[in-house]
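Once you scroll down, you'll see the structures, which are given as structure tokens.
Next, two complexes with chain A in common: one pairs it with chain B, the other with chain C.
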Partner chain A sequence: MTSSLSITSPETAHRPRLSWRTVLPYGFAAAVVGYAIAVGGYPATVVGFALIYAVFVIGLNLFMGFANQVSFGQNAFAAIGGYTSAVLTATYEWTPLPAMGVGMAAALVIAGLIGWPTLRLKGHYLAMGTLAIGLIVQEITVEWTSVTQGYMGLSGIPPMGAFGFEITSDRGQLIMLASVVAAATFLSARLKRSRMGRALSAVAGSEEAARALGIAVARYKLLAFLLSAALASLAGSLFVHVVGFVSPEVFGLHMVILTFTMLYVGGIGTIAGPVVGALIISLLPETFRGFKEYQDLAYGAALILMLIYAPKGLSALFSHRRRP
Partner chain B sequence: MADFSYIPQVLVSGLGIGCVYGLIGIGFCVIYNASGIVNFAQGAFVMLGGMITHGLLQRYGLPLLPAALIAIAVVALLGVVLERVVVRPLWDRKATMFTMILATLAAQIVIERLTLIVGGDQPKTLPVFTDLPPLQIGGVAVSFQLLWIVGASLLAVGALAAFFRLTRTGKAMRACAINREAAALQGIPVSRMLAAAFAISAGLGAMAGILITPTQYTAFNVGVPFAISGFIAAIVGGFGRPFGAFLGGLMLGLVQSLAILGFGAGWKTVAALSVLLLFLFIRPSGLLGAATK
Partner chain C sequence: MSVVHALPDATSGTAPVLEARALAARYGHVEALHPIDLHVAEGELVAVLGPNGAGKSTLLRAILGLVSNSGTVSLRGTPLPRQNPVAVASRGVVLVPEGRGIFGPMSVAENLELGAYRLRDRAEFARRRERVMTLFPRLKERLTQVAGSMSGGEQQMLAIGRALMAGPQVLLLDEPSLGLAPRVTEEILATLGTLNGEGLSIILVEQKAPLALELANRAYLLSVGRIVATLDPREITSYDELAQHYFA
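The block that comes next holds the complex of A and B.
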């Protein structure tokens, strides 16, 4: 594994050589987004959703790819961010940015409170505990009808904007989303090469060994969890502002499976993987659009096949086949 | 608000749902003991039990009992298929525990969606097994369905105990639970035991689904909440102890019924999940202590 795409192991944490293989995933992403901006309309909507998911998956990748932890409950934080944005802007007529900030703060506080005891868990317990957190938040969005309207959902959420300026056009929204994804990708690339990134990759290798090296394992795990929750919350807020509507199904188990598929297809632990995975998984099933049940079926089956035959994702397949 | 005179009645119905959680919890333990795998698709079996029985009743006009038995057999077979198609390839590749969890969770989604496509999204129910007015015992109404649930569950638990104690296959499975490598060295076909564990577990899940459906409803998406309740039952009982799981299920059923009385039916899943988190944080080894592996 010496290719510059699979920078998952500590020894490749130095600045990678800028080869065409490093650039290709970004080129692909830029081409797809550029095409969508140029064409507008329906392709812009599809790519827009892909970019929102990309933000979420970048967060998932920080926690699962970099630190090798497990969370099936990150959708909880997307729901917290999304619903906080929706309620504050639609019901209380706040402007989007402060509402998004409050949503992110709420997600961080809750992630901190539940992260501390949850991250001590291991194996199946951690998996089931995080799955439970996602489901609890979803149940609350269903049952707390006085605030969330339950299954009816909240509508009339204004588009993203600031200082009296609203981004209403497809292209404008796409440019905004692409900038957010670019910033998040940059952040995760910087993080990977930072002291924290190295600590996380030590934790990923072996918690015991990392602890023996003097790394504060619990603190770094929590930090990765918080960053991941913040990005999930951001994705949730972006979603409600782009769509203008939110209901509990948006942040359900469907989202968990979908985002895991994106992460695996793109390549878990890589920098460009989340964006590439999100774009590919959003573009591929376009032929199934309108048959939501077939989509989930396809995602689930694809995920199982990936886990069995290509657990390192498309990027690994690619770098293996084209090795010079 | 809460009326205390309802408490005995509530506890009785909690017992019924508790038996069902217990059966699902045993299903988790049987697979876990044979393989160390936690099967997150367990809820699919519960859902399929109710749905297939409903299909057999509606489409082919079978009487309830044969329909139920056929459904249990079909779901047990599907358990083996799941083991062959999803679990075995990962097992052979020495996949990590996390990969296994994710793959079985994905299998759950695939089964749910297939059921949705075949059976539609309308909730379905089954007729009660004995259509008589409930018995009145000391001011508490006991429905015949409840008697069926408790009776059938106890029968299943008893049969399972006998199976593990008396039959060759049962003893071999227990040997796998104690030490898989040593069992393999004794000539026990460990991988066949894994398939058997999936069959038993799927059959138990289907049975639980059939028993509970007349008192509520079934639909393509009821599986995950049931699976989580069964998992909680297994944790409360100390993971890997089938009979502890049954007791854990009873406890969870009672707690959940009291929560419904106190807070309303909508919050029962939140109540169950909170029990889970509480146990995970405070006493992850369960009430009886985890089975030593």
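The block that comes next holds the complex of A and C.
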């Protein structure tokens, strides 16, 4: 997977040498994706979902990791993106890319409307506000049956594609998803090293100190929130095109809990963390399938062990420095 | 000790660097700072003294607009925007907050870089950084070190260095001696004296009054949210009267 390997360059560009430690998380991701492409079938499905979650978690990481804010409501933007894609392509027979663009625009508008007032709130007020957004959008997807079909769900969503091509094979979808994840990882690495990235680190460190240095805290928080919403919306659109079906549960509270786990297990605030976390958390239950009824127990025990031995996340184990 | 209410400024006639008129601040319904007048003349080091809870930190936060405030603050005669710390800071009113507020997980170099966040001129950036390195040689040795792993004194040096990177017109310091060993405190205050000697206007909030009065051109004594006295450090021979304000 050359596309996965190339994403290490921006992170290592500022370091004197390219050590195995920095490459390892990406090597792991490339190996897993490569294996799934080679084998196809069920593993390909599991890894495909993991990559869609990775897109979402990369966005979550911008807001929660880089800017040190909390949002329980990013699933709302996945739902907006996903449902917009689903409705426009399945009901109105649009092609996927324009539908995805409209979904993302809608997610950005809603995120802007919500972020403008709530990002002035601090700490748990912001968290509560975002939780409410998640629940409201969830409720709309259930109740607005004339458009969303409620719990029945929307089916007949075409696969992702453009210019007359459709990506229908497992392998094709995996390559497409891996490319999107690689691009998103690359962008988040570039962002972290940018002027905006430094400003976000300052906001994460101390909002008041950042403000006293003339850093426009509210503006950068809003920007991070918007970027995060855009990636969530993209993940939602990818999901509906890969599965071909969408219902309200897809973007429910379960998604919030799962993606938080991915973010913390992978390493919040790191570049490789979201991808590593999404893959590990998706694969973990599968590896414990042989435990039968003890599967959940093993999964839970594995999570606890990881949080004890890698409290800053798995990818932080491999970084040279503490996470900024 | 004589309490002087209107000391002549060295530069009387020109507008002070920083002037607050009827500046008050409140936390919710509680007025923590009652309307006060205060000014800093060009090149002056003004100390703000007072016991715990007198409103010293609140005064600095009110100047920046970090708390809900009323009244006016002017920089060289131009009123500063209210409730907008970002705009105030970018005009050169720079605060070294209580507890230092350094970015712990970042390196010393990155912290300094963030101080000059508004600056896009690379040459000026290099010049300011060089000056900070000269003032605090210990920071130079530790540029790549994670800031949070340094000693309290070094962190305070970094906090001041970071503020200097912002190119302050007036520097506000909130208890730079907090939690530091006496020798380190002296070293840091001596550096402030050097900066002031080079012409930088400074407001120094300090609980350790004797140390602050050694440096200050003038001092305000704050008690329960009001300025109760303006002092001329040269005329203070005993601290008895000063102590009375502390324990009043």
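Just so we're on the same page, the second predicted complex is superposed on the first by the 273 of 324 C-alpha atoms of A that agree within 3 Å, B and C clash if a C-alpha of one lies under 4 Å from a C-alpha of the other, contacts with A are read in each partner's own complex, and residues count from 1 in each chain.
We adopt the following convention: a residue touches a chain if its C-beta (ideal position, glycine included) is under 8 Å from a C-beta of that chain, and two chains touch if they have at least 3 such contacts.
Note that the coordinates shown come from a computational prediction; the quantities given were computed from them, not determined experimentally.
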**Report entry** Residues of chain A touched, compared between chain B and chain C (which is higher)
**Finding:** B
Query raised in the report: Touching A:216 in the superposition: chain B (first), chain C (second), both, neither?
Result: second
Query raised in the report: Is A:307 in contact with chain B, with chain C, with both, or with neither (first, second, both, neither)?
Result: first
Query raised in the report: In the superposed arrangement, which partner chain does A:132 touch: chain B (first), chain C (second), both, or neither?
Result: first
Query raised in the report: Between chain B (first) and chain C (second), which, if any, makes contact with A:199: first, second, both or neither?
Result: second
Query raised in the report: First (chain B), second (chain C), both or neither: which does A:117 touch?
Result: first
Requested in this report: Flag every residue of chain A that touches chain C in the complex, lowest number first.
Outcome: 195, 198-199, 201-202, 205-206, 208-217, 321-324
Query raised in the report: Contact residues on chain A for chain B in the complex?
Result: 70, 72, 114, 117-118, 121, 123-125, 127-129, 131-133, 135-136, 139-140, 142-143, 253-254, 256-257, 260, 293-294, 296-297, 299-301, 303-304, 307-308, 311
**Report entry** Partner chain A, residues of chain B touching it in the complex
**Finding:** 38, 40, 86, 89-90, 93, 95, 97-99, 101-103, 105-107, 109-110, 112-114, 116-117, 224-225, 228, 231, 235, 239, 266-267, 269-270, 273-274, 276-277, 280-281, 284
Report summary line: In their shared complex, chain A is touched by residues of chain C numbered 64, 66, 85-86, 89-90, 94-95, 97, 101-106, 110, 113-115, 117-118, 146, 162-163, 166
